[in-house]
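What follows is a single structure, written as C-alpha cells, with notes after it.
Every chain is named by a letter (A, B, C and D) in the order it is written, and numbering of its residues begins at 1.
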Amino acid sequence: MNQTPDKKRYLDDPENVTRLWRRFVLACALVAAIDLLGLLEVVYHRHIAFFAEGLPGFYAAWGFIAIAALIFLAKQLRRLVMRPEDYYREPGDAD
Amino acid sequence: MPTELPPFLPFLIGALLTAVTRGRLRSAVMLATPVVGGICLLGIDSGALHQVQLLGYTLTPVRVDELSMLFGYLFHLGAFIAILYAVHIKDTLQHVVAMIYAASALGAVFAGDLISFFLSWELLTVSSVFLVWARRTPQAIRAGFRYLILQIGSGVTLLAGILIHVHATGDISMGHIGLDTPGGWLIMLALGLKCGFPMLHMWLTDAYPESTPTGAVFLCMFTTKCAIYALTRSFAGADPLIYIGTAMTFFPIFFAVIENDLRRVLAYSMINQLGFMVCGIGLGTALALNGAVSHAFNDVLFKGLLFMAMGAVLTMTGRTRASDLGGLYKSMPQTATLCIIGAASISAIPLFCGFVSKSMIMQSALNEGHMVVWFFLLFASVGVLEHAGIKIPFFAFFAHDSGLRPPEPPTNMRLAMLIAAVLCVVIGTAPATTLYPLLPFAAEYHPYDATHVITQLQLLMFGGLAVFWMMRTGRYPTEERAINIDVDWLYRRILPSGISSAENVLEPAWSSLKRGAARPLNGLIALLFRYHGPQGTLARTWPIGSMVIWVTVLLAVFVVVYYL
Amino acid sequence: MLHHTVLRVVAKLLVPVILLFAFYVQFHGDYSPGGGFQAGVIFAAGIILYALIFGLDDTMQAVPPGVLKILSASGVLLYAGVGIETLLLGGNYLDYDFLAHEPTHGQHLGIFLVELGVGVTVASTMLLLYYAFAGREQGQ
Amino acid sequence: MLSVLANDLPALQVVVPLVSAPLCLILARWPRIVWLLCLAASWTSLAIAIELLDQVLSGGTISYAMGGWAAPWGIEYRIDAVNAYVILIVTGIASVVMPYANQSVAKEIPADRVPLFYALLMLCLTGLLGMTITGDAFNVFVFLEISSLSMYGLISMGRDRRALTSAFQYLVMGTIGGTFILVGIGFLYVVTGTLNMADLAMRLPEVTQLRTLHTGFAFLVVGIGLKLAMFPLHLWLPNAYAYAPSTATAFIAATATKVAVYALLRFVFTVIGPVIAYQDLPFGEIAKVLAVLGLVTGSFVAIFQENVKRMLAYSSVAQIGYILLGIGLATVMGLTASMLHLFNHALIKGALFMAVGCLFYRTRSVRLDDLRGIGRKMPWSFGAFVIAGLSLIGVPLTAGFVSKWYLVQASLEVGQWPLAVLVLGGSLLAIIYIWRVVEIAWFGSPSTRAAEATEAPLGLLIPTWILVLANLYFGTHTGLTVGVANLAARTLAEGLR
C-alpha cells in the first residue's frame, strides 16, 4: 500500500465538517419550511391520501423519529444477538 | 429479424466457449455473450416458441411475453455488467459457472411450464453455489454447503408443490397458481425461500458475504429476482404476501444497522428491498405489480452497483468490515463517487432510479387502503437510507481514517460500476422513456410531482439529519468487531450442540432403554446411527442362523395373517 | 490302502462290472427304468471306488480332470445340440420327431442322444466334485 | 437358415447362452475367444429379445411348446408384454456388461478361472432368461436354481476373502428361498394338479378358500421375497454385492432382483390372481409395509456405509422398496411405476456399479477412505458415477425421475399422501448418501491410492457411459419405456376389479 504522507484534505479539518453539518441542518430546515407553503397552496397543490400526511412536517418528523427509533431499537437488539467474531469459527478458518 | 433462439442458449454456448478459451479471447467471448444474447432477444417472437412432450405433458421451455421479456432484458443487462466487472479474474471455474448461472436464470424466466421452471430452478441452485465455493476459504465452503442444503430444500419443496398442484389441477403451465391448494402454498414457500421470506432468509446473509467479490455481484442479480418473477407470475394479489413483504422490509434494517461486515449489510438490505417487491406483488394491482418488477429491475442495477463497490474494496484491501475500513475516498475517489450514486439510488432519492419504482409500491399501498402497511413501509424506507444510503459509503470511504490507501480497482471494474451508475441516474431522471415502456401491466404513473418529491426529500433529509446528529453526539452504535446471530444460529449452533449433547446423554439413555425406561427423543440421529451405522443392528453382517430366523418369522407372519 | 489286498482284488473285479452296469442303465434307459442321470452317477461311483482303493493320483492319471472338464461341457453341448438340430430340421426345440425319417425312430434317437449327454455331464461333474474335495484333503 | 429359426426365437433366447456356457469351458485355452463368444451370445440374445418384444407388441402373446408337447402337459414358453420387457432388460444389461467384462475380469480374476467365470456368467444369464420366459411354474424353479447356483459361483470369485463367506451365506439363503418356492409350487400342484401357469390360473379360482393355497402362496411370496431381497430378507444381499467381482456385481445387481420381481408379479397376478392376492389375502398391505420399511431402512443404512459397493447394495434394498410399493398399490398406475423402475433401476444400478468398478480397477479398493480425492484423478469414471447417482436420486431429465414421478402419481391417485411424501423423502436420503461420496471423492485431498490412480481404460469407460447416457436418454424419451411398462402393467392387471 502507498504509505507516502497524504496531502491535507478538506474533510480532514474538523471545522470544515462542522461547517458542512450546519449547512445540512439549514437545508433541512428549508425543506421542512416548504410544507408551510404547501399548506397555503402557494407553491404547489399538496395532494394527500389520508389525514396524517396532511399534518405539517409529518414526513420530516416521521423521518427523524423513524431513524432515532431504528437506531435505538437496533442498539437494544445488539444485546440480544451480538456475539464475538469467532463465535462460529472452526479450526483452520482463514481470517 | 425474428428469431426463435431460446434465450438461455447463447449463455450455455458462452459457458462452453469460456471453458475452453483463455486470455483475451476468453474475455471477448464472455463480453460478447450477453451482447449477442441481447440482440437475439430483441428480435424474438412472442408466444410459446418451443414445445416438447415429456411424461404425457406438453412442456414449453420457451414462452415469451412482456413479463418474461422485462426480466430477459434485465438479466442480459445485469449479466453484461457483472461479466465486465469480473472479466479480469483468471478463474475458469467462476467464469463458467457464472455463465451457466445466468443461463439458468434466463431459463427460469422464459419457462412456460412448471417442469421447465423447476429444472432451471435447480440449475440456478447448483451453479450459484460454486460462486460461493470459488472463494475457496473454509468458511466459504461451509457456507456454500449450508446454502446448498437450504436451496435444495427449496427445490424439493417446489417439486412437491408442483406435483400436488399438477395432480389437483392437471395444469402444468407456468401461470397464476394462487393459494387455493396446498400445492400452491408449497410452491410459494419454495419461492419464498429463494427471495428471503422472514425466517427463510438466513442463507442470503450467510452465503452471499462469503462469496467471491465478483461472484456476489452475479448472486445479487439473479436468484432472488427469479423468485420475484415467479411470485409475480403465479401469486400476484395473494394477501399473505403483503404482510410477509412488510415484515421483510422491516426486520432486516435492524440487523443491518448493527452489522459490521458491509457486504452482509448489503445482504440484509437486499432482503429489505425484496420486501418492497413482495409487498407490491401481494397488493396485486397493475400499479403495484409494475412497481414490483420495476423495483426488481432497479434493484439489479443499484444493488449490483453497491456490491460491485464493496467488491472493489474487498479486492483492493482484502476486507469488508466497517471497523477495518474508513477514509478510502482519499485513494479511491472514483469508486467512492460511484458507491454514493448507488447509495442514493437505493435510498430512493429523487432523480435516482430507486425513487421511480419504490414510490409506485408505496402509492399502491395507499391506494388500496393499507395504512398500517404503508407506515411500516415508510419506516423501512427511512431505514434503507440509514444502512444502505449512509452506512455503506460512510463507513467504507469516510468515517475514521483506517490508514489504508489502496489504489482504484482495475479499469474493467470501474467501467462496470460506471455503466450501472449511469443507468441508475438515467432511469431515475427519465423513467418515462426508459423503464416504464417495458413494464408489462397497464398503469399510468408519474413519479415526479411536487408533493411527492418534497415529501420524499423531507423524509430522507430528516432521516439523514437524525443519523448525523446521533453520530456527532455519540449516540450512534459504534462499529464492533463482532457478528450478530440470526436464524441460521438455529442450525449452526443449536443443532450441532443439540446433537453432541444427545450423544452425551445417549449412552446412559441406551442402558436405561435396556432397563425399559423411556427413550429420549433428542438422540434421534445418534439412534439412527446406532441401528443403521456400519455396526448397527440393521447393517452388520448377520449370522446365517439369524437370517433364517427372519425368514421363518416372515413366513409365520404371512401364514398367520393369511389365516386370519 | 496299499496293504488291503482283499479290497484291492475285489475292487479290481467290481469296477468293470459297475461301469458295465452303468452303460446298461444308460443305453437301456429309453426302454426301461433308468437313464442318463442314474447311469452317470453309477459310472462316477465306479471310478470313485477305484480312487478310494488305488489312490487319487492313479485315478487322475487314468481319468484326467482336464478331460473331465471338457466332457462335462460336451455333455451339455450334446443335449443342447440335439435341440438345435431339431430346430434346424424344422421342429420345435427338442422335438425328436424330426430327427429321423419317421417320428418313432426320431424319438429313439433323440432320447438316446439326450440321455447320453446327461450321462456324460453327470458322471464327469460328479468326478470333478470328488476330485475337488479329495484333492483338498490331500493338500492339507 | 434364419427363416427356419424365425419361429423358434423363444427357445433360442435361452439356448444361445446355454450353449455358449459349455463352449466357454471347451475353449478355455483361448480366453479371448471365450470372451468374444460370450459377447456374441449376449448380443444375439439382445437381438432376439428385441425381435420378441416387437412380435409381442404387434401380435400379442407368443406361446412355444418345448419338444412339441402341447401346453398343459409339456413345458410352455409363454411371452407377453411383461416378460418380453423383462427379457429386454436382462439381455440389454448383459450386452453392456459383456464388453466391460473383458478388461475388468482380466484384472480381478486369476487367469485360469476366467473361462469358468464367463461360463458361469452365461449360465446365470440362461437361468434368468429361462425364469422369465417360461410359462411353467416348476420350470421357474429349475431356472431359478441354475441362475442361483451360477451366481454363488460368480460371487465366490471375488478377490476379497469375505467373498467366499458371502457366497456361502447367499447359498444357504438362496437355497432356502428356492426350497420355499418349490414348496409353494408343490402346494399349488396339490390343489390343482397342474404346473402350467395359464392352466393354474384357470383352476385356482375354484379353490380360493383352501388353506393349502394360502399356505402355498405364503411360501411362494417368502421364497421369492428372499431372492428379490425384500426387507427383512435382504440380509444376504449387501455382502454378496459388495465382495463379488465388479462385473458380476454390475450384472447381478442390475438383473437378478429384477427377474425375481418379475417372478413375484407373475405368481401374484397371473397365477394366483389379484383377486385372491389382494382381496382374499392382505398381500397388498404386507407388501406396502415391507416396502416402506425396506425403503427407509435401506436408505438410512446406506447413509452410514463406509464401503461404496455396500452402500449401493443397501440403496438397492431401498429401491426394491419403491418397486414393491408400486406392486402393493395394486393399480395400473402403481404397476406401471414398478415396471418402469424395474427398467430404470437396472440402468441406474448397472451404471453405478460399473462406475465403481472403474474406480476399483485403478485403486483396488471401494472403501470411501481410499477413494478420497479420486474424482479429480478419474473424472470420467467419477462423472459417470455422479450422473447415475443423480438418476438414482431422481433428478429430472434422468431415468430415475420418470419412475419416481409415476410412483408419486400412483400414490396420490389412491389418496395415499404419506406414501408420496415417503417416496420424495427417500430421494432426500439418496441425495445424502450420493453426496457423501461426491464430497469425499471430489473435495477430499487424495488418498495414497487415489494419488497414483489414472483414468480407467476406454474398454471400461465406454460401456459405463453407454449405460449413463441410456439413463439420460430414457429420462427424456419416455415413449418406449412408459408405453411398454404401461402395456405390461395392464396385461398384469387384467384381473384387477
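Keep this in mind: a contact is a pair of C-beta atoms (placed from the backbone, for glycine too) under 8 Å apart; a residue touches a chain by one contact, two chains touch by 3 or more.
Please read these numbers as outputs of a predicted model, since none were measured by experiment.
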{"item": "Chain A and chain D, separation of their C-alpha mean positions in angstrom", "value": "70"}
{"item": "Chain A-chain C separation of Cα centroids, rounded to whole Å", "value": "104"}
{"item": "Centroid distance [mean C-alpha coordinates] between chain C and chain B, Å", "value": "78"}
{"item": "Centre-of-Cα separation between chain D and chain C, whole angstrom", "value": "35"}
{"item": "Chain contact graph, described as a line, ring, star, complete graph or other shape", "value": "line"}
{"item": "Touch relationships between chains, expressed as pairs", "value": "A-B, B-D, C-D"}
{"item": "Footprint of chain C on chain D - complex, ascending", "value": "1, 4-5, 8, 11-12, 15, 18-19, 21-26, 28, 64-68, 119"}
{"item": "In the complex with chain A, residue positions of chain B that touch it", "value": "137-139, 142, 253-255, 257-258, 330-331, 366-367, 371, 378-379, 382-383, 385-386, 398, 404-407, 449-451, 454-468, 470, 472, 475-477, 480-486, 492-493"}
{"item": "Chain D-touching residues of chain B, taken from the complex the two chains share", "value": "54-56, 115, 118-119, 122, 141, 152, 156, 159-160, 163-164, 167, 528-529, 531-534, 536, 538-539, 541-542, 544, 546-548, 550-551, 554-555, 557-559, 561-563"}
{"item": "Interfacial residue positions of chain C with respect to chain D in the complex", "value": "69-70, 72-77, 80-81, 83-84, 87-88, 90-97"}
{"item": "Residues of chain A touching chain B in the complex", "value": "1-3, 6, 9, 11, 21, 24-25, 27-28, 31-32, 34-35, 38, 43-50, 53, 57, 59-68, 70-71, 73-75, 77-78, 81-85, 87-88, 90, 92-94"}
